[in-house]
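Just so it is clear, A, B, C and D label the chains in written order, and each chain counts residues from 1 on its own.
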């Protein structure tokens, strides 16, 4: 559950979607579009948070594997993926006009990280692959 | 739900809690203590993610309030709070030996941010105050 | 000065440019291309760090201005700009294959933030505009 | 060079040191104390940026070393160290009242990371050890 999405008409001026000229929003439609974008963002923010948690855990776990060399690329991708998921979630939560573009790059990195993790049989990699692929899918919807 | 906590005996060497000499863990108790620490961390990671989402949304919403001057300190604290929650969640997810110390500072900033937000009647501030106070409580348990 | 770029032949296997299949690098050319990419990245990392410092300072200073409403968009852009500069610098420093794509988005946000800051006469805005425009230029070279 | 520290009397209301009651500053002394704190912060922000760049580079380089197992703890510490340096630099740049406390933890992590890197003979580790120890020293002055 994300603590957004409850603006009423009275507070529609407090829109977190900020006015950069790229998304002109009329006052009367603002409340509705905000609620839409908040509902719209909610599951993607959640997917990003799940994915970054899985990536952080996977990277730490990989570093303790017996065949560490085999995990090097996985660790590298986990690091980039956790970072971009973290920022994508924050851009969405703050209603940044750049959220969609960041989600597009996030989807690409999540897909690559998930594909790499899916090659390994360890539980942390399998969990990470699932979280990455889910997040890639959610981010593609935003982009 | 956090995608950690499912190590079995066979994979107990892959512990994400890394070995800095501060938390010596014997092989046979590692699986159990990992599961404990993952369960232990899980609700705090979740609280940090909720809190940072609420803070990002609150800061953006504050910037569109009529009486913006009144919200300046709230915006400043939202920013620090979102940043520290984000890093605390990641340190916990990766099993960093510094997670507890970061949670201690996170609790202090969350408390201050929640107290400031609680002074305002806007829905985004009320939601943020609740998320901050919840997170402060969870972080104090980790510290 | 960035503490990279001093690999010699013997250590050329330790390339920070990681192997995702997108940038195949032969051993004998690796050292040279690394040095090139480190020199290449160095001034952009520096520009990103300058820019994010200026944005953090500008946002804090804006929040204490008399006409705070006039600064709202500046604060919003400062926040996005500081975040993306921070991540772009880190992706470059670690030799991520996604550094160029992140720099492309970073250039766009820096340009928008610099253009907004340039509208204001305060010293912190003028300094921030200069840092943003410089960083946009450096990031465009990477993209 | 950090783009801060040029407030004059007229703009002394735009202090980036925000008012949480912990650092009460009188108007007439504000300009001076700001300049002091900006000069004070400047070399520490620079040290943090150098350190995080070195840590990112070291972690990526470690992942390509022949004896990767020997580098695992180095990679773990590089990651924590880069993250905390990044946030410490930003808290200082924005004049957060929590900058000193974050610098205190940053100093501890930098020291541990520098000590670990100093055990290895690779150029990236030597450079990282130097950057970490320098940053630990600068952060201790802030704490």
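Points to keep in mind about this one:
FYI, contacts are C-beta pairs under 8 Å (C-beta built on N, C-alpha and C of every residue); 3 or more make two chains touch, one makes a residue touch a chain.
The model shown is predicted, which means the values in this text are computed figures rather than measured ones.
Distances between chain centres, each the mean of the C-alpha atoms, put B farthest from chain C. Contact tally for B-C versus A-B: the pair with more C-beta pairs in contact is A-B. Separation between the centroids of chain B and chain C, computed from CA atoms only, is 27 Å.
Separating the centre of chain B from that of chain D, both taken as means of CA atoms, is a distance of 21 Å.
The geometric centre of chain A is 17 Å away from that of chain B, both derived from CA atoms.
Multi-chain contact residues, meaning those touching two or more other chains, occur in chain B at positions 18, 59-60, 63-64, 72, 76, 79, 90, 94. Considering their complex, residues 1-4, 6-8, 11, 13-18, 45, 49-50, 52-54, 56-57, 59-66, 82, 86, 89-90, 93-95, 122-124, 127-128, 130-131 of chain A touch chain B.
Those residues of chain A that touch chain D in the shared complex are 59-60, 63-64, 68-69, 72, 75-76, 79.
Residues 18-20, 72-73, 76-77, 79-80, 83-84, 87, 90-91, 94, 96, 98, 101-102, 105, 108-109, 112 of chain B are the ones that touch chain D when the two sit in their complex.
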